[in-house]
Amino acid sequence: MDIVNLTIDNKPVVVKSGTTILEAASGVGMHIPTLCHMKLEDLNIENKPGGCRICVVEVEGRRNLAPACCTDVSEGMKINTHSMRVINARRTVMELILSDHPFDCLICAKSGNCDLQDMAHNLGIREIHYKGEQSTYREDTSPAIIREVDKCIMCRRCETMCNEVQTVGVLSAINRGFESVVSPAFEMNLDHSVCTYCGQCVAVCPTGALTEVDETGKVIRALSDPTKTVIVQTAPAVRAALGEEFGMEAGSLVTGKLVAALRRLGFDHVFDTDFAADLTIMEEGTELLNRLGKHLAGDKEVKLPILTSCCPAWVKFFEHQFPEMKDIPSTARSPQQMFGAIAKTYFADQLGIKREDMVVVSIMPCVAKKYECGRDEFKTNDNPDVDHALTTRELAALIKLSNIDFTALPNEDFDNPLGESTGAGVIFGTTGGVIEAAVRTAYEVHTKKELPKLDFEELRGMEGIREATIDFDGLPIKIGIAHGLGNARKLLEDIQAGKSEFHAIEIMSCPGGCIGGGGQPYHHGDAGILKKRQAALYTEDKNKTLRKSHENPHIIELYEKFLGEPMSEKAHHLLHTEYFDRT
Amino acid sequence: MPKIKLAENTVQLIKDICKEFENKESELINVLHQVQSKLGYLPAEVQEVIAKELKTSVAKVYGVVTFYSFFTMIPQGENPISICMGTACYVRGAEQVLNEFKRQLKVEVGESTEDGKFSINCLRCVGACGLAPVVTVGEKVYGRVAPTDVKKIIAEYKNH
Amino acid sequence: MTKIKSLADLRKMKEEAQSKIKLRENSTNPDQVVQVKVGMATCGIASGAKDTMKYFVEELEQEAIDAVVTQTGCMGYCYAEPTVEVKLPGKEPLVYGHVNKEKVHEIIDKYIKRGELVDGIIPVSFKTIDD
Amino acid sequence: MTDYKMHLLICGGTGCKASESDEIKNRLNQLIGDLGLADEVQVVLTGCFGFCEKGPIIKVLPDNTFYVQVTPNDVVEIVEEHIVKGRPVKRLLYTDPNSAEQISDSKGMDFYKKQIRIALKNCGFINPENIDEYIARDGYQALGKCLSELTPEEVIKEVKDSGLRGRGGGGFPTGLKWEITKNVENDQKYVVCNADEGDPGAFMDRSILEGDPHSVLEAMAICGYCIGADKGLVYIRAEYPLAIQRLKIAIKQAEEYGLIGDDILGTGFNFHIELRYGAGAFVCGEETALIHSMEGLRGEPTFKPPFPSVSGYMGKPTNVNNVETFANIPVILNKGAEWFSKIGTEKSKGTKVFALAGKINNVGLIEVPMGTTLREVIYDIGGGIKDGKEFKAVQTGGPSGGCLTKDSLDIPIDYDNLLASGSMMGSGGMIVMDESDCMVSIAKFYLDFTLEESCGKCTPCRVGNKRLYELLDKITQGKGEEQDIEKLKDLSVVIKDTALCGLGQTSPNPVLSTISNFEHEYKAHVHDGKCPAGQCKSLLRYDIVEDLCTGCTLCFRNCPVGAISGERRAPHFIDQTLCIKCGVCFEKCKFNAITLT
């Protein structure tokens, strides 16, 4: 590897060739401001259009200023990152961006968490010298995502996520010049498009142009309605990220405080989606073994691999893009929906209330869950199994709104019966977790032997596509894992082309799985945060006494008292679903 | 946007054009040129077919269509009027000519008259700078056009 | 058409083409043909060069004058389009500007038939690479 | 056949006409008739000789006597001396300023031939749809020579030695560009011809493709041989249907002759050429944008490096040159680098084609050696300013260039001089402006152009140019404020410094150059609310002079917005709040009763 010597702000720096000025500067602790640039190390995600021009620096001997994010260093380069010329240019560029941006910071969903706002502050912008026409667009509200395109600064991060990472292809830059903006085709609303609501555009938007639909108001109203029993479920990935919203270190596990906060918010019962995750394993694992058994018996009708179906964005993705494969994924509903279905039947019966008098709220790392709970097949008499899905961020807002000092809360436990869970349920929140949980149960059910070791390291990690073969006591089971829809597409196309064969595949839409969901606290381009959240979930799993779904006593009880056995008719009715061709 | 149902043979025509270019995504602009030359414009439904044939997203197709001024999603008038706005024409008064067309036809640039007879567009230099300012109606080129000629030019096509 | 297989072939071909043209251009034989080249670039066509060419072909035919009418590219005189180069056998070619129907008639009648010059000649104001 | 013994060619160009060439012709004809010489001497009116400052001009054939600055009073002497006695009138002959000698025979004196046609060598000479005519004029000889007798290194050396620089605007040395692409190792490379001529007012590339398409194809094949590419692509504007048609014919003919295709001239060299179409985006003249457009994407530029020579079309090394650059190549290889490098200035070799347009008499395409002055181009070739008006400025370099004034008329034109005087070569558009052109409006016109053609990718170009435009618009509307001129300058500097591609980096040039050369005009708009050129409508005011108005009602009847009122036979009035300053009243009034201030 070639070595390059250069100076940055008169400091000698030695880096590998091929390093950008931005990277070289950051290596010696100089943080050149960036806005459009975003790089998620290890996830193979980079947005580098070189468009915002905030990161310009002065390179001796060059006529123009150079963008640090996409200029490679060269031998003997002399760089000045904050000369008068640079600062003037940077501030002017920022003023230009702001001159075409609405001034409604005070009431913007992104206020306080906005890259653009921070940058304006850091650059000390006090006045905008160049005023003029501002672009105005129609606001687009979908079941999960709101687009306020007036606030778009053309950083193109969402476009990169939607096209290169997720290969969904809903968003593209359209028009040109001052009229250019990122939009779906024909400027149609998202809900008319093939959008999966994965929310990765929301996760990376540096302004308030893309945000989740805010449902905190509805939840507050439900909580204050004395005629309603309001119960809440929280997804596994939430507990590994919520703390960040309160200034805690990324990767802090806040399960106990989370329960305490929800209780103080006034929820009548605080439950855990992890319980439903265990239930999912019972159904999906059984379905896998059924299909596998038939396959091994030579049944040509049965289709393998079985694909997981917990992720609503993934479900919508294949309904739009691979409708011919819609009979391959497991018919098991997602944990959120299994929870809702059980809550409004089994648990409502226990309480002796009608389903109409129960409100089920879910706390999710996800924006697609908002869309999922509104799907018609998850309603009975027009009453949805899950009434409102809040993102991790919305929950944080609700906690702040209710004057709760989150960091000072004690650790509390979930309520029963829908609050008990195993380690298998916890790891649903990370890529590889669902399939690992399934393997733990399927192995023991199939082989009738106890697993010698529960940690399947071969299924873990951050690689976009992973493969492993697990030995089911002499029967090699081929497992595939993909996170990020682009990776999922690759895997599916390989299967279609007959290039690869798997027995079971786990697919999660978001890079990293649910820990990197579109509803999580903003990572601001720091992939390290995702890794810390992932590690936290594995820690929680490790600390649990029960780590296999089929050992969850309340799950056993649920089958005994209510469902009968996995894949029973009742289970089928409540816990399974069907998919639609959406082309 | 009103939905149009494309005729079966129109869909086939588009498919054939895509096939001519081996359904390659990189041939998108060539495909759009061909289709527009056949259909006159590129409505949303047409772009959807193209996207499907070239295995790309319709947003990308739309992004390309809206980037290049040559492509249009609006059907042109029977007599498309183009006013050259190249510098040579500009300094010789093309703007006044354009304004006169807009005033007479009561449409803006890029629009068609209600009866569909005329549409106005601006061009960047047709290379007939010696005749500036230049206006084209369909294939016909009018040189040294003064605002006072506008009425006459329109009248030539009024009763067609 | 046969392919040219080598540089020597290409050179031979050039000579053939040149001598063919020379024969046509430099002969003093009055029976030799008149050559008319019409500038047919976009600006020429926009100014009516297609019609000009048509008039030449029709009228020369009517007058039974042995002539070759061809198209050529832009001569550079946009202000004087359509432009036409007329070459009488044994004479230097002349370029005429603003050649409309009347001018075609005048050029044929006076210059081609009688050798009289006609108003509107555009003097050569450039050197070529061979000068 | 009428056999005249003598022809008198009188320049009938606009400039000479203004100096009574018609009168001269009439007097000549009368005198010749009186002398009974009408059957022997013919007087002919010609187009412009391109020597206007010495007009009117008379050239006598067959002796090629060249008279300058002839007046009607000289006619008698010319007839009596020259025609009757065969003695040239010495005092009317042209005196060479260098040798101080009078020159009588214009044959061999081509001082008025300011042009040399290299890139345009075949335009207007050959039938572009007939490959034989191209071959007869040395066509494909250069390619044959390169393939059969020279190594790629030798060809590149020749191109480098010629000093040829890119004619598309930037002026990068062509040979060096070829060498860089040659030295990048890859199994697949491409030659791209940039025929996306987008500068408004520039049409030389179109003319070359329409008039001499083979020269470009031949040069592309030569380039392919040098850099190791077997595929060429011509990216051409869809607005040029005729050029496209001629290119297609040329490619087909060259393929039939085996001059393009596999195993060219039996040398084993393969080269194929395809066409790609632009779709109306000026920014696609920028090479990275052009390449994206060829790949079926939005024509957005990307940051360089990597340059196309390393990673271009489909990620492969790609050499991009424009049409005029390519058209020079066969001539350079046929005539030699030494011959070529003798033409032009020290750093800019050869010729440049310019498209003359605007307020100039001889609008057209010219090709002059580098180093020719603007004065020679505008007055000696262009025939001076139209309608006898005053020269004000000439805009070169299109939307990326600037406006040059009287002070720059004697600067020898080359890449570096134009850059130093605040403009640029660009692709060679030259728009001449006269006193009636408002320079603030001209700057606004160009900004409007860049605004519409900006791809929108980077902030300075997307938003910055919009703000520049708005400031200019404000000034032309008479709403300019004291600090606006400074703001324009400050913002222009930042846009130049920070924009992503050449389009944005040069877009403020028209603003900066007009401010630096015509600041007084900006100030007149801002401080006095006046447009000195009388072009900015909002700053005009029409009034009716009571004493002169007869109350004929003509203005009242013609006003399109009903802004004029008054009784018949009584003075009329203009309601300034309604007036749209169309000027109809001013034109119609027969009594000069309407004033324009």
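Annotations
Going by the order they are written in, the chains are A, B, C and D; count residues from 1 in each one.
The rule we apply is simple: a contact is a pair of C-beta atoms (placed from the backbone, for glycine too) under 8 Å apart; a residue touches a chain by one contact, two chains touch by 3 or more.
Composition by chain, UniProt nomenclature: A = NADH:ubiquinone oxidoreductase; B = NAD(P)-dependent iron-only hydrogenase diaphorase iron-sulfur protein; C = NADP oxidoreductase; D = NADH dehydrogenase.
Since we're looking at a predicted model, the values are computed, not measured.
Taking the mean of each chain's C-alpha atoms as its centre, the chain lying closest to the overall protein C-alpha centroid is B. No other pair of chains has as many C-beta pairs in contact as C-D. Distance between subunit A and subunit C (NADP oxidoreductase), defined via averaged C-alpha coordinates, is recorded as 74 Å. Averaged C-alpha coordinates give centres for subunit B and subunit D (NADH dehydrogenase) that are 27 Å from one another.
Centroid to centroid, with C-alpha atoms defining each point, subunit A and subunit D (NADH dehydrogenase) lie 57 Å apart.
Centroid to centroid, with C-alpha atoms defining each point, subunit A and subunit B lie 44 Å apart.
Multi-chain contact residues of subunit A (touching two or more other chains) are listed as 173, 175-176. Multi-chain contact residues, meaning those touching two or more other chains, occur in subunit D (NADH dehydrogenase) at positions 203, 206-207, 240, 281, 298, 363-364, 452, 455. Across the assembly, subunit C (NADP oxidoreductase) contributes residues 41-43, 45, 78-80 that each touch 2 or more other chains. Subunit C (NADP oxidoreductase) makes touch with subunit D (NADH dehydrogenase) in their complex at residues 1, 3-7, 9-11, 13-14, 17-18, 20-21, 37, 39-43, 45, 70-80, 83, 85, 97, 113-129, 131.
Contacts from subunit C (NADP oxidoreductase) toward subunit B in the complex involve residues 41-43, 45-47, 78-81. Contact residues of subunit A toward subunit B in the complex are 163, 168-176, 183-186, 193.
Residues 126-131, 134, 141, 143 of subunit B touch subunit C (NADP oxidoreductase) in their complex. Those residues of subunit D (NADH dehydrogenase) whose C-beta lies close enough to touch subunit A in the complex are 281, 283, 298, 300, 302-303, 305, 451-467, 470-471, 487, 490-491, 494, 496-500, 505.
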